[in-house]
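Order as written gives the chain letters A, B, C and D; numbering starts at 1 within each chain.
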Amino acid sequence: MVIIMNPEATAENIKAVISTIEDAGLEAKVMDGASQRIVGVIGDKRKLGDVTFEAMDGVEKTVAISKSYKLASREFHPRSSVVDVAGVKIGGTPVVMSGPCAVESREQLFEAADIVKKAGAQFLRGGAYKPRTSPYSFQGLEEQGLKFLAEARERTGLRIVTEVTTVEAVDRVAAYADMLQVGARNMQNFGLLKAVGKAGKPVLLKRGLAATIDEWLNAAEYIMNEGNPDVVLCERGIRTYETYTRNTLDLSAVAAVKHLSHLPIIVDPSHGTGKWRMVQPMAYAAIAAGADGLMIEMHPNPAKALSDGPQSLTPEHFERVMNGVKKLSAFLREEQIAPMEI
Amino acid sequence: MVIIMNPEATAENIKAVISTIEDAGLEAKVMDGASQRIVGVIGDKRKLGDVTFEAMDGVEKTVAISKSYKLASREFHPRSSVVDVAGVKIGGTPVVMSGPCAVESREQLFEAADIVKKAGAQFLRGGAYKPRTSPYSFQGLEEQGLKFLAEARERTGLRIVTEVTTVEAVDRVAAYADMLQVGARNMQNFGLLKAVGKAGKPVLLKRGLAATIDEWLNAAEYIMNEGNPDVVLCERGIRTYETYTRNTLDLSAVAAVKHLSHLPIIVDPSHGTGKWRMVQPMAYAAIAAGADGLMIEMHPNPAKALSDGPQSLTPEHFERVMNGVKKLSAFLREEQIAPMEI
Amino acid sequence: MVIIMNPEATAENIKAVISTIEDAGLEAKVMDGASQRIVGVIGDKRKLGDVTFEAMDGVEKTVAISKSYKLASREFHPRSSVVDVAGVKIGGTPVVMSGPCAVESREQLFEAADIVKKAGAQFLRGGAYKPRTSPYSFQGLEEQGLKFLAEARERTGLRIVTEVTTVEAVDRVAAYADMLQVGARNMQNFGLLKAVGKAGKPVLLKRGLAATIDEWLNAAEYIMNEGNPDVVLCERGIRTYETYTRNTLDLSAVAAVKHLSHLPIIVDPSHGTGKWRMVQPMAYAAIAAGADGLMIEMHPNPAKALSDGPQSLTPEHFERVMNGVKKLSAFLREEQIAPMEI
Amino acid sequence: MVIIMNPEATAENIKAVISTIEDAGLEAKVMDGASQRIVGVIGDKRKLGDVTFEAMDGVEKTVAISKSYKLASREFHPRSSVVDVAGVKIGGTPVVMSGPCAVESREQLFEAADIVKKAGAQFLRGGAYKPRTSPYSFQGLEEQGLKFLAEARERTGLRIVTEVTTVEAVDRVAAYADMLQVGARNMQNFGLLKAVGKAGKPVLLKRGLAATIDEWLNAAEYIMNEGNPDVVLCERGIRTYETYTRNTLDLSAVAAVKHLSHLPIIVDPSHGTGKWRMVQPMAYAAIAAGADGLMIEMHPNPAKALSDGPQSLTPEHFERVMNGVKKLSAFLREEQIAPMEI
């Protein structure tokens, strides 16, 4: 950490800052700038607890040097991680997770699962517990939905990924699903992060609506700190001033995460744009940017979907996207067009 | 709801939209525009379930006319509500909630409580469960912190408001506190909203980091829909591109909420700015804008605070702010300078 | 346009709205909703001038149905446009514009131009007039820079694209350049838009820092309305709360623009991310999303660059990116992987 | 400036950074952190020109210590400035600027001017040159509008403030107006900033739609650097994700500017909210936050306004606001409730 003093900071102010650092068993180094002094803190910052230098007299601001997450950081784990979900590997050749936004009935889910399987995707998605803005919107079939998902797995061999929204439901969801999804609205629901960290299943961690990449990786750290290293990140669009799209899909997050972290990252162009027309170009773009996979909403009949119809692909369109994605990722692999040097 | 068709929508497209509306037992009215047709939906939109017209062929977009929240809406409850918290009324003459960000020890809390009481505030705040970005930051004293808060109430007569972060802890916190706080990161933790809606205590609902006013009032609706009408909203700054302040305090939310809802609203200038220097001007501005109260962080020794020191006032500064707030609200009351006609 | 009345709007309020519409020679249609009335306006909205219904009593809000731009709209020009810049076509096979952020010297520019040419790009970019946040930063070589650019064109045959920042400089820049660039900060400098609309040269219109797609297309409309149909749009990142990247590159804008407009669109991953490491993945992503080209900063020696060094590629890295881009666009063309159905 | 090296930076990398600093005649100080080295730059950073350390190998990021603006900074000018506009002082007792968004006719303007004068405001505002998103919207009466404004000054004695949108129009506007307004869309139109810096009239500089406070003060620096010290800032709302209001009025900018700069700052609650209902509470809040004045849109007949009707007050409402503002500022002055210690 570097502490920048005000131009008008007194000798006493600086002495107080130095004492605080030294009292914590750390070393302080003072640098005289043209108009301001700077104090560097040498050693493990955690010894300082939560001392807040910015509240001390004469301090203008502090600048963090080291990152607050460790387990999720590439610095401490230079090789890219591969997460194994019941035999399907995430990290490397892109995987596709697809299915309806919400599980609505056995028939709807089976129909969707068959299409997903036939098109060559590896995961079936579908919400049994739906976080909805209004209490009057459809909230999901809950445990019944989980049972349908498990049946669809039996039927197709697809892996199941589904959202868990409360600590209390973690064990129940973990009993049925292959992978637990933490949704955008719960990215900083720290109790839930700890609970999925102990559940013994890989976790798909969506980026919060207005989460920075730093906060997102800290959320992954919460899960990993409970002993679960199997975290996959999912970029799903962030909230900006633009209203044409439901969210602004931040594909640069793929490159940023690859640089800062060893964890795999996939992209959800359905939530990321909110418009089915934009799913295909954004799916291709995500793969070209180096994403480890995609999550795509597909509904046998989008107009009848109980949620998120406008962003769901029809089965025909989904097949076309799958076809393009397969060709594109094969091309990138064969040509060894690595999108990024880390 | 109004459904706007594409200029190139066919007669079949429009027929399909109309059938969907009529099948739900509602009335459809078609309006021919210069280049596009518009279909109005007459009747209770809830009958439509979650039909998503935007996924139907020929539909360009839909525009919601009625609001999705009812219980929180001023439309259905024209008179401003007053929430009674163990005898202290919120709604009208502004109240002040103050104390440290986190309960750190009995001594620290008692010292803070005495200052808060002496300065004339009505509520003691202090976190026993702290949601923190990093798992390595101080997470709060938990139940021990709640006990200290209850003791501080005995000592001073102040009402206690404190955050609850998990469903599992709701009953425990409700056993000690007079008012349950739902923090910004949990504003759309719907399980938690339902739980505090059943806990039998008034709720302070902070605005989410990137929540629209509409989403915020829908979050209040979740609580009220469980039978708890005692919700107070708290504006605490939203996330924008500006980095000078920790958040951007949206004081226009006070006027917006007063227009759209009957619920009381208070303002937290400490989190809203992240800088102690800005607490005083923003506290005055909030009162002048018509806020029903303030939440202000104060710490006996901000530089030693285990969290959020830079935004905590010293006791001396807090007293000055309290003094100004009292004079200002008395002036506004006497002069009958109503900030807003609703 | 649709006018939504308040639930408490009176018969007089509605009558006043209808009169205003009819007085303008348009037709008004009233629709009775469950709780609110809606008034539709039939006919050419421009007859209304700038009447602002939202200021009339009883009006809650208005909803625009038709778009405010026409010349830039795909609705009125269904086929995608191709812009010819001195024989190089933009729209279809992607083009690449590259070079240093600023023209610094003849040597620097010639060195850059040779590298750009050799790698297979079609355009040389380089700023002679630099809009800089601080008045103390390097502001460009001005006319001398334009001369160096023209010399570099003689030398290499590359087309020249360079920014113009003032109305007064438009003719001078147009005398040297093949394409005039309007920068992000000037996207709503309407005087400049009109001036480049009359300059007789194709225009590259960058998206404003916080411009919506609608505002951007309206800015294009300003240029086209002066008789210049040759506008190419350039997505260069928007301002959001995320600070890891300099801007948030909004690749979904490629798909949005393709849907709403017939104009070509290219992408600038250098400004869009502000980090050279992210240029390659975002360049590939842009091509896969269907962009008609790229603008990439390259500097013979980024560390010595007088501006924007952190986001400039070295010559070696630029060659790798060009190589990948060429292969990727050939693949997409051969496989007929159209990113989007419009 | 402080340069933070990567953990894996080599001795050569650090040597190169040090050489670059020393070659510029500055001093480099190296600090060894726990995992990373930090290099401090001692001396006047301007000697470095635009060297971009972030493009050098081994450099993670740089942190600016000193601000890029000087003339606008309170650091170099501790006393708050007062700007004299034809005898009316801005800085201290709040002033009010009011009038219609656009000058529409002599009658409309005179009617407005009489109301503004009678209510006790000091400035008449009204646009003669209107920057409009669409080229088809009303663009202003141009020079005829300026003449009406000058006539209204003769009639009422009010000072005239009006927007100038092009370099070419600066002299013309300066010939009629007492104060030149630079609008939000032109805040980084650097040619215009330089031109108004030479025009010999005080300047009202509105904050850009998505400008940081740092960029805003740098824009003021452009004007002051041309020899014009008479700059008044105007907060008018920033662009955020919230759509209920037209912009998000950032009242904390008042406190931030007061701390960072000596320049006066006023607030425009009309553009800041886009809703006339919110003008009154936000006007009071601005005064309580310490603003040096207000800019408020008022139209004799808002429903007939050629632009921005929804945010214009009626004459009656304007009088009420003026009355409240006068009482409130007198109260704050008498009670010596300084909103902020700088």
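The working rule: a residue touches a chain if its C-beta (ideal position, glycine included) is under 8 Å from a C-beta of that chain, and two chains touch if they have at least 3 such contacts.
As the structure is a prediction and not an experimental result, all values here were calculated from the model.
Engineer: Which chains lie in contact with each of chain A and chain C?
Structural biologist: Both-contact set = B, D.
Engineer: From the centre of chain C, which chain's CA centre is farthest?
Structural biologist: The most remote chain is B.
Engineer: CA centre of chain C versus CA centre of chain D: separation in Å?
Structural biologist: 26
Engineer: What is the distance, in whole Å, between the centres of chain A and chain D, each centre taken as the mean of its C-alpha atoms?
Structural biologist: That pair's centroid distance is 38 Å.
Engineer: Round to the nearest whole Å and give the separation of the Cα centres of chain B and chain D.
Structural biologist: Whole-Å distance between the two chain centres: 30.
Engineer: Send over the residues of chain D in touch with two or more other chains.
Structural biologist: Correct list: 210, 239-241, 243.
Engineer: Taking the complex as given, what residues does chain D use to touch chain C?
Structural biologist: 20, 46, 49-56, 68-69, 131-138, 165-168, 185-186, 188-191, 209-210, 215, 218, 221-222, 225, 239, 276, 299, 302-310, 312
Engineer: List the residues on chain C that touch chain B in their complex, please.
Structural biologist: So the residues of chain C in touch with chain B come to 2, 4, 7, 29, 31-36, 38, 40-45, 63, 65-66, 75, 210, 239-241, 243.
Engineer: Inside the complex, what are the residues of chain C that reach chain A?
Structural biologist: Of all residues in chain C, those touching chain A are 210, 212-214, 238, 240-245, 248-252, 254-256, 258-259, 272-273, 277-278, 280-282, 284-290, 324, 327-328, 331, 335, 337, 339-341.
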